[in-house]
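The same chain A turns up in both complexes below, where it pairs with chain B and then with chain C.
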Partner chain A sequence: MSLLEMRHITRRFDDDTVAVDDLSLSIQPGEFFTLLGPSGCGKTTLLRMIAGFDDPDAGSLLLDGEELAGVPPEQRPVHTVFQSYALFPHMSVAENVAFPLRMASVRRAEREQRTREALEQVRLADFAHRRPDQLSGGQRQRVAVARALVNRPRLLLLDEPLAALDLKMREQMQIELISLQMEVGITFVYVTHDQGEALALSDRLAVMNNGRVEQVGDPSDVYEFPDTRFVADFIGTCNLLDGSVGQSETGLVYLDVPGLGPLGVASDASPRTGAPGTLAVRPEKVRIDARIEPATHENRLEGTVHDQLYLGDVTVYRIEITDGQLVEAMLPNTSARGERFFDFGDQVQLAWRHDAGRLLAD
Partner chain B sequence: MPARSRALWFAAMGVYAFLYLPLLIVIVFSFNDSRLNARWTGFTLDWYAKLLGNQQLLTAAWNSLVIALAVTLISVLVGTIAGIALSRYRARALSLLVVTPMAVPDILTGVSLLVFFVMIHLTLGMQSVILAHVSFCISFVAIVVRSALTNLDPHLVEAARDLGATPFIAFRKVVMPAITPGIVAGALLAFTLSIDDFVITFFTAGAGTTTLPLQVYSMIKVSITPEINAVSTLLMVMTLSLVVLASRLAPETIRT
Partner chain C sequence: MTRAGSLQTEAVKRRLLVGLPTLVLLVLFAAPTLIMVLATFQFPDDFGGLAPAWYSDSDGVHLDLTLENYERFAGEAIYLKIFWRSLVYATLTTLFCAALAYPLAMFITRAPSRIRDLLVLLVILPFWSNFLIRVYAWMSILGPRSLFTEGLNGLLGWFGLGPVTLLFTPFAVIVGLVYVHLPFMVLPLYANLCRHDPAWLDAARDLGASPWKTFVGVTLPMSVPGLVAGSLLVFIPALGAFAVPDILGGAQGAMIGNLISDQFLSARDWPFGSTIAVALTLFVVFIAWLMTAVARRLPGGAAHAR
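What follows is the complex of A and B.
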């Protein structure tokens, strides 16, 4: 049985904004689940309804099979790590962490021991007597996590907990969160608009847009096999070529792209001939070279180098293909002395395998 | 120093002298060994000693103290509740109605309260003075408490609820500690406003009751003695220290 069931949840504000729109999801026990989506897509609204600060206008939430409607936040075994951390400013670090235990009337000896353990878990044992305003951002964040975990909730909600930290700190905290989650075995529901974070942290993730779920799956599924144009575009970068469905054979569809001819794409679907479709292919799947021998199971195009972006580990080339459209190709910088492979205006050929692309029907 | 900033410096010094010289003179002459406020003849504490023997003055001081304490207590209770209501229901009209009494001229407040008290047949005396002072002190407390609540991170209450606190416990454990400095600052303000109010007290005290400011006024009608300088100095020291304390406790609201 899933731990948390969301069934057809809808939440409207002032009648015209639909923050969450007929959304259904189920969260499995023990998983690290991420809600990923652009600003304003309804992530916080959804978390607030799970925590009990807000109620859905329609639909139901079930935790361990039990309806949550009407249960006040203090009675839900769900704790939240707020983006602002919301540490109590007049309490010490230890008092903050002990707060949920105090609320649950845990006896003093046990309370002190569990507080100490929780602080050790986030490596803050030496800071127990400090006030929150005497801590760095990363330390505050860890206090917030320790406080939310200490009373072992069934579900931990985290609303962009790393957004306020700098890049280095964020990467370090990501690693710590993963190992902490494995250690305590508590189900995490994590909210972020950072796709890299979502891919790195999650067991499964849901991509949200306009209050709806566009796709749910494990990170590599969602990255490699986007279902919709929005997902392909929002996670990583993706070349999108619009056309209409031409011939198809088993497992392969040819898309007629104006000016480029038919391009093959592996697909189990058998779309109607003439239906509009989009071919999505990631830049790192596209090979470029001065000459590429034609091969079966591959699409091959020609173009000129339009511009290039040197990123250190990789270089992204933008190739103008015959009809004036740009296709991005990403090449690892494998040469020892860092010389460039191609220059502006070079005539190149590019190719990708049929099964490296993805047919989006929308 | 360039000429322009030197001119600015002199202007500023002039303003400060204008503000503080009269107060300084009162303090200095309260220690003067002469009945006349004209010439320094030597240091003495006689005038302070004499205060202790002035029965009328002591009664007035006692009345002022009782009034100020009662006013503080009532204003803090009612004003805190009003401040919480103001921060919850953010209608502009509500705040305006609370702030307005602070801006109404004292003389108008005094006269209208007098008329009102007579209309409802309230006997003038300590009770009417207390009610009158409360009517303008509530606003100050409400404003200070509202501002403390506005600065409170709204997620704190949610965090407390989230971690298992009932609404009442969340209020006690999170909201109260955050607004207590504001409440104390409001209390100190109410106390100082009450203890040195003259105009409104003058209208609402009736014939039998006198407070410290009223007593001082009736004494200077005869002559300005060093005794008055001594009372004024004591009053000044007390109010100034309370105001400083209040501004320490609620720095966002009462800037120094």
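What follows is the complex of A and C.
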């Protein structure tokens, strides 16, 4: 049985904007689940409904098979790590962490022991008597996590908990969160707009847009096989080539893309000829060279280098195929000299395998 | 101009900036206080005012000072009784103000932002009319023939109680004091509650605290600095109030403020009036020190908050 079951959840706000629109999701026990989406996609509203700060207008929320509607936040076995951490400034680190235990009337001796354990878990045992304002951002974040975990909730909600940290600290905290989650075995529901974070952390993730779930799956599934144009575009970068369905054979569809000709894409679907479609292919799947031998199971194009973006580890080339039609290709910088493989205006050839692309039905 | 020269001008400017207010304070605050303290050791002049602090004759200059005023103040029960009464009134006023202002300040803090400023304006609106007029208005509200008093007595009559007199009672004094001082409690509390992160409340609820425990465990301790500031702003002027007890208290309600003003205006005994005033000042300083010291130690107090 799934731990948290969301069935046809809808939430509207006063001005008739729909924040969450007939959304259904189920979260399995013990998984690290991420709600990923741009701001305003409804992910925070959804999180607040799970925590109990807001109620759905329609649909039901079941935790361990029991309806959550009408249960106030303090009675839900669900704790939250807030984006601003929301540590109580008048309490020490230890008092902050002990707060949920005190509210649950845990006896003093046990309370102190569990507080100590929770602080050790986040490597803050030496900071027990500090005040929150004497801690760094990363330490505060770990206190917030310890405080939310100490009373062993069924579900831990994390609302963009790393957004306020700098890049290095964020990467370190990602690794810590993963190992912490494996250690405590509590189900995490993580909200973020950062696709890199979502891919790195999650067992499974749901991409949200306009109050709906666009796609659910494990990170590689969602990244490699986006179901919709939105997902392909929101996660990573993606070449999106619009065209119409031409001839197709078993497992392969040819898409007629104006200016580029028919492009093959592996697909189990058998769309109607003439139907609109989009070919999605990620820049790192596109090979680029001065000359590429034609091969079966590959699409090959010719163009000129339009511009390039040196990013350190990789260089992104944008190749103009015909007037205005640009295809991005990404090349790892295998040489240490920083020399460019290609220059503006160079004549190049591009190729990618049929099964490296993805046919989106729109 | 050289760098050192410009630094020097900076220093001069800074000294002027600090120096002027210091001078004003010295002339308008420290000097009168010293004169008042000196007056407590002097004799009254025959028709009010102060007798000279010294006189000179053939033997030279003699100081003409006395401790009589302090002996009188400490020695007569009536003065200590009025002092005590003032303390009780001021304490009750502070407590009632806090009890009324807290929910009001919370309500304003949590009101939609577009009406919040309007509500704050309403709190300070009474300042737009004259203080005495507002206190006299209470005289007619609490008077025996007022709609309020007659209504109340009618209600009490139903239960076989009353009738009660409201005006010229301690009740009237405390109502007046609470009314006059309420904004001084609301504003610092509001300023404090405004700075509370709403996420603290969410976090407390989320972590298992009922709304009441959230209030007791988070909101209340975090508002201690605001409560202390408000209490000082209410308690100190309430302790020295003289117009409100004069107008609403009648003969029974006299407070230290009345005692002091009587010494200056009716009894024409400036030295004794000064003595009571100095005693009051010392007491107020002690209370202010005590309250801030206690607040500093409380959770959420100044020792913890920034």
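Observations on the model:
The criterion applied here is as follows: the second predicted complex is superposed on the first by the 359 of 362 C-alpha atoms of A that agree within 3 Å, B and C clash if a C-alpha of one lies under 4 Å from a C-alpha of the other, contacts with A are read in each partner's own complex, and residues count from 1 in each chain.
In the analysis below, contacts are C-beta pairs under 8 Å (C-beta built on N, C-alpha and C of every residue); 3 or more make two chains touch, one makes a residue touch a chain.
Since this is a predicted model, take the numbers as computed values, not measurements.
For the composite obtained by superposing both complexes on chain A, the positions of chain B and chain C are in clash. When both complexes are overlaid on chain A, the residue A:A148 reaches chain B and chain C alike. When both complexes are overlaid on chain A, the residue A:M182 reaches neither chain B nor chain C. Judged by the touch definition given at the top, the superposed model places A:R131 against chain C, while chain B stays out of reach. Looking at chain A, you'll find residues 51-53, 72-74, 78-80, 82, 84, 86-90, 99-100, 103-104, 147-148, 151 touch chain B in one structure and chain C in the other. Residues 51-53, 72-75, 78-80, 82, 84, 86-91, 99-100, 103-104, 131, 133, 147-148, 151 of chain A touch chain C in their complex. Per the touch definition, chain C reaches chain A in the complex via residues 197, 199-200, 202-210, 213, 217-218, 221-222, 299-300, 304-306. For chain B in complex with chain A, the residues that touch the partner chain are 153, 155-156, 158-166, 169, 173-174, 177-178.
Those residues of chain A that touch chain B in the complex are listed here as 51-53, 72-74, 78-80, 82, 84, 86-90, 99-100, 103-104, 147-148, 151.
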